[in-house]
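One structure coming up, written as structure tokens, with questions to follow.
The first chain written gets the first letter, and so on, giving A, B, C and D; residue counts start at 1 in each chain.
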Amino acid sequence: MPDFNIGERFKVTLFGQSHGLAIGCVIEGFPAGVTPDWEKITAFMARRAPGQNAWSTPRKEADRPEILSGLNENGLTCGAPITAVIRNSNTHSKDYEALRSTPRPGHADYTAYCKYGDAWDGRGGGQFSARLTAPLCFAGALAKQVMEEKGIAISAHISRVGTVEDEKPDAVNPRFPLYESGAFPVIDAEKGEAMKAEIEAARQRGDSVDGAVECFIAGLPAGLGGPYFGGLEGKLAQALFGIPAVKGVQFGDVRHFGSENNDAFCVENGAVRTVTNHCGGILGGITNGMPVYFTVSFKPTPSISLPQQSVNLRTMAETTLAVQGRHDPCVVPRAVPVVEAAAAIIFLDMILQGV
Amino acid sequence: MPDFNIGERFKVTLFGQSHGLAIGCVIEGFPAGVTPDWEKITAFMARRAPGQNAWSTPRKEADRPEILSGLNENGLTCGAPITAVIRNSNTHSKDYEALRSTPRPGHADYTAYCKYGDAWDGRGGGQFSARLTAPLCFAGALAKQVMEEKGIAISAHISRVGTVEDEKPDAVNPRFPLYESGAFPVIDAEKGEAMKAEIEAARQRGDSVDGAVECFIAGLPAGLGGPYFGGLEGKLAQALFGIPAVKGVQFGDVRHFGSENNDAFCVENGAVRTVTNHCGGILGGITNGMPVYFTVSFKPTPSISLPQQSVNLRTMAETTLAVQGRHDPCVVPRAVPVVEAAAAIIFLDMILQGV
Amino acid sequence: MPDFNIGERFKVTLFGQSHGLAIGCVIEGFPAGVTPDWEKITAFMARRAPGQNAWSTPRKEADRPEILSGLNENGLTCGAPITAVIRNSNTHSKDYEALRSTPRPGHADYTAYCKYGDAWDGRGGGQFSARLTAPLCFAGALAKQVMEEKGIAISAHISRVGTVEDEKPDAVNPRFPLYESGAFPVIDAEKGEAMKAEIEAARQRGDSVDGAVECFIAGLPAGLGGPYFGGLEGKLAQALFGIPAVKGVQFGDVRHFGSENNDAFCVENGAVRTVTNHCGGILGGITNGMPVYFTVSFKPTPSISLPQQSVNLRTMAETTLAVQGRHDPCVVPRAVPVVEAAAAIIFLDMILQGV
Amino acid sequence: MPDFNIGERFKVTLFGQSHGLAIGCVIEGFPAGVTPDWEKITAFMARRAPGQNAWSTPRKEADRPEILSGLNENGLTCGAPITAVIRNSNTHSKDYEALRSTPRPGHADYTAYCKYGDAWDGRGGGQFSARLTAPLCFAGALAKQVMEEKGIAISAHISRVGTVEDEKPDAVNPRFPLYESGAFPVIDAEKGEAMKAEIEAARQRGDSVDGAVECFIAGLPAGLGGPYFGGLEGKLAQALFGIPAVKGVQFGDVRHFGSENNDAFCVENGAVRTVTNHCGGILGGITNGMPVYFTVSFKPTPSISLPQQSVNLRTMAETTLAVQGRHDPCVVPRAVPVVEAAAAIIFLDMILQGV
């Protein structure tokens, strides 16, 4: 399967380079007859847009997609692939010129060169750029809309920045959305302030900081998924590890001993439920009807202005480099809707497949 | 894609139920003209076989596969799918009879019932059973042989049992294999003894304990993988989360700040390398030529003999249940070759695909 | 996708070589809770079995599959992959020894050598052998059973042998099964006799003869399939061209002019139908609720005992060769159930996918 | 797999509706570092463009694609997905208004309604429109360029219109391109004139006529393809049946008897060749190094201005309808490059996969 495809029946294909003409996506398998809720889509996409506040990059993006196909003359989805295009603008390609021969540590510059050679469009990270999460969020917003109509809620929060951890949601009866405010989505506002301080401190040092996002999905039917490679964990992980900077995915909240980790079954309003939810709503790769949740950890942004050692690929001499340009000192705040989008896409795919 | 398939060009399809007639696999896309190294295959499969020592279940399995297809009259692979069959024997199905109506907490019993209904062959966990990792190891041993001929080494160790952690390998220049002895594969023998004590303590309590496996792969060419959903992390994760009891996968060894997490580039013997290897050999989803490594965390075995609360699905009454039968109090020691097998399969698939 | 897989959600993987230990298949995605109708399965498989009469090879095969997995203790399908194995026996490998260096014209000997090299197991055609249609028929029989329970009928007949054509079924209201007798499935018994004479004449000359199979499927819901590459024709064709010796696939019964080819719509018992059915029940790649039908043409068996020119691949000298061994002078009679099986597999896959 | 995808490693995803904002495609897996030959691409796309002459529809399309992604700043392919967009213009949607409730015989109107319901964008045939073969030709032109650089030639001709057949190419040593002039690509100009007369006669009657396209590919290495479902015929057929109006695909030129159909092997310039080429360059699903060829048959355009019987889906009353608008009376002339494009895509995919 090529690199920019996710999903089988509900399938999203991303395209574009950071500083090319446009980025976008083609969405296949979306149900016909749906009127996209543009207000919600715009609000959802705005949650990942940059330049909104102190803790994200001051770049501005007008991420309003143009819909080239997939809608009928009345604006309903018509069964054809939905194509969304976001034109690139406000790109400062000269910022990256020096980096062509000297790969930035922690970035894809060197490995892209190994894979694509000199033809790689390295401006702004090319097709590795996190900018492609904008069309992913567009697809996720559409998926989320269908999920919501089926009574399925999806919400994520910043669970950690550096060493500062947010409060844990109630894994049995989580509140949706998990966070108080979408601007900096945390459960505990005080912890949120500490996180912002951590990010600001990193920025002022010319450094960056890592973090994690936790995502909850409730309202799923029991029985989704399958054993072995059909398991929910693997399908979600493939999507989640596709998000730039993700280095870890953990399901549920595992305890060290079986006696404390096993979730006792109980009956609630005539239905089978579990008393605790350490398994994250998944047993044997299949939903058990309890909320599904998982944590996605992100590495610190590799773009830092502190000087770093690299190698000039033309001369093969070691050299020192300082990354210029505007970068988020922490990707996690803007990654929250991206994680929600990835989850929405995978679950809609599974629900449409009936597996 | 159905549940028991992994890989695209080099593809493994598992089959069987724990207490059915047989388990096995069909392996497609394996190169023609290879003489399988049966001694190595047998030794590799023996590493996951049960009943070898105090810390694993006393069940005996004669896991010598019969090869139904894929070899020519001289025993070389001939390009046809390779089919391996392991007959089941020594099954104590009566141990599981009572569990049919009363799902075991932490097991797939309830979710399998939701998905397949009453026809599910729940004996021994049916197709959810970790017994199917035996044919996975067979396929992995074949893949490993081809990899070794290409100069690629794969080795995993028990990195944690409960709260006891093994020593970390050198992430820049790891030793292969990582462990001293295959019987209980750890780097630090003393830590190994502490782990065994932890497992034995759990067993005596009628409890079980969790743990983790860390896997290293060296000798890979730079340039394998791709951006976004073509990333190495996602492909490996899909295979790794397919292993029963896996709940988390983490790549590399992320540090909190970019300044310490970014791996500086350097030149060594005329080649580009990195001074440290926090990224786990992967940048932008693509190998950078340094060792790839990741940690897979396993939940504690759900089968414990301590009494647990469940629900009788016929009567919908809450009830208490104690799991009988022979079970590993910790899956991690036997999971080490399974993790190696999953990694070998995914990398061989990528190498054969040339991506 | 590897060579021996067909289907996406309902997926069949064939394995084996003609003269290896066994042939068989793994069937994934079959519904749980079905009791296979063994009498029907055996009867269906017998229709393709050799050695039954004058016009097929005198080889005997005991094609009763052993089911290694996929059934629960009560014989119902349990949701696990269904594995069927047919042991090979009565193989005369010496018949083929001379052919190793000298490829038979019209056979896969030369191209298999190009692809797999010397390691190819050429005995009896290896994995190219039509013997692998036996497990395909097993999978098809299972699929047919589920289809029949949904009111969908599938039947094929010999539509041509050499220049002798069978009567055409009524394309609007075909009778099921199409043929009078399964032994030599034709509509017009007199045409059947002429076909048999054609086959017998070829056999006596040491020659072989081509032919065609026409297949009808009725009872399908309108709306199955999709535009472009999701079209029914392409999906069926991929399966049908997978059958050895197939060289052509034609849907419906196209007339030269639009005015005679377009099928007028009409209303029958309150439902939309067409007056004629030249389109073969498919418009825009999607079923229209009328019977689907298509014709599959087979080349004459390449194994003939007449002398033929070939090349010795070791010496690169041109040479003359006469194929020994027992071969059908016409593959078409035994191919009829194979075509039905391929159609049943594809349609069940589409129905389970809901596309 | 969704409806608008073709290829596995080299993958083309089409999008758009006939009268929507735009049509286009995303092309994944195309090699990096290629400078597209825009002159050749434009010339190739022009061969399928309408409005060029008497025998095609007078509609005008400015089918110059805008490339949104996949090229670097110097115009070379950069490894990112290549996205091409063709804006729609000159659409006469009112021509189709009346057809919404009354499906045109032979068209996808009724089956699209069954599949998508009222939301289907039926204007101009929506996503079923042959207009989407324009981006398919763009992708095919790119694939053809890479193939040509590898010494692989692809050329098709009109082999039949109604009952008029073109001369057959030499199947052993075909000339490339097969035709004298791209405007009406036939081998025998006299037969071409008879075909044009047939088309003109149909047009004047308000009718349409069927036909066929034959395609040759030479320069392929021996060993491409595989047994059973990996066979070249099935892979090509899936792409070819994806082209609107295709109802049949036939490989090679099968003779009735094995003795005349088998192609004798010979040695030519030290290489294995065949004396004749009835098998169409494919044995056992695998190329044998001889030219591959096949014939694709197209039904007559369903859009005819003669009155036809249909059903009003709102009232369920039978009614008479005459299709207005501008339509090709024969799709075959413009389908010739489309067949070449489909073949180029499939072969490039196989070559990049190394299968």
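The rule is simple: a contact is a pair of C-beta atoms (placed from the backbone, for glycine too) under 8 Å apart; a residue touches a chain by one contact, two chains touch by 3 or more.
Predicted, not measured: the structure shown is a model, and the values here were computed from it.
The set of chains in contact with chain A as well as chain B comprises C, D. Both chain C and chain D are touched by A, B. Farthest from chain D, judged by the mean position of CA atoms in each chain, is B.
Judged by contacting C-beta pairs, the busier of the interfaces A-D and B-D is A-D.
With centres defined as mean CA coordinates, chain D is found 46 Å away from chain B.
Computed centre separation for the pair chain A/chain D is 39 angstrom, with centres defined by C-alpha atoms. Contacts with at least two other chains are made by residues 1-5, 8-9, 14, 112, 115, 127 of chain C. Across the complex, chain B is touched by residues 8-9, 352-355 of chain D. Listed in rising order, the residues of chain A touching chain B in the complex are 1-6, 8, 14, 103, 105-108, 110-112, 114-115, 127-128, 132, 162-163, 202, 205, 207-210, 222-223, 225-231, 233-235, 237-242, 244, 246-252, 254-259, 261-267, 270, 272, 274-275, 279-280, 282-289, 297, 299-304, 306, 308-311, 313, 316-318. Those residues of chain A that touch chain D in the complex are listed here as 1-5, 8-9, 11, 13-17, 20-24, 26, 28-29, 32-33, 66-73, 76-81, 83, 85, 93, 112, 115-121, 123, 126-127.
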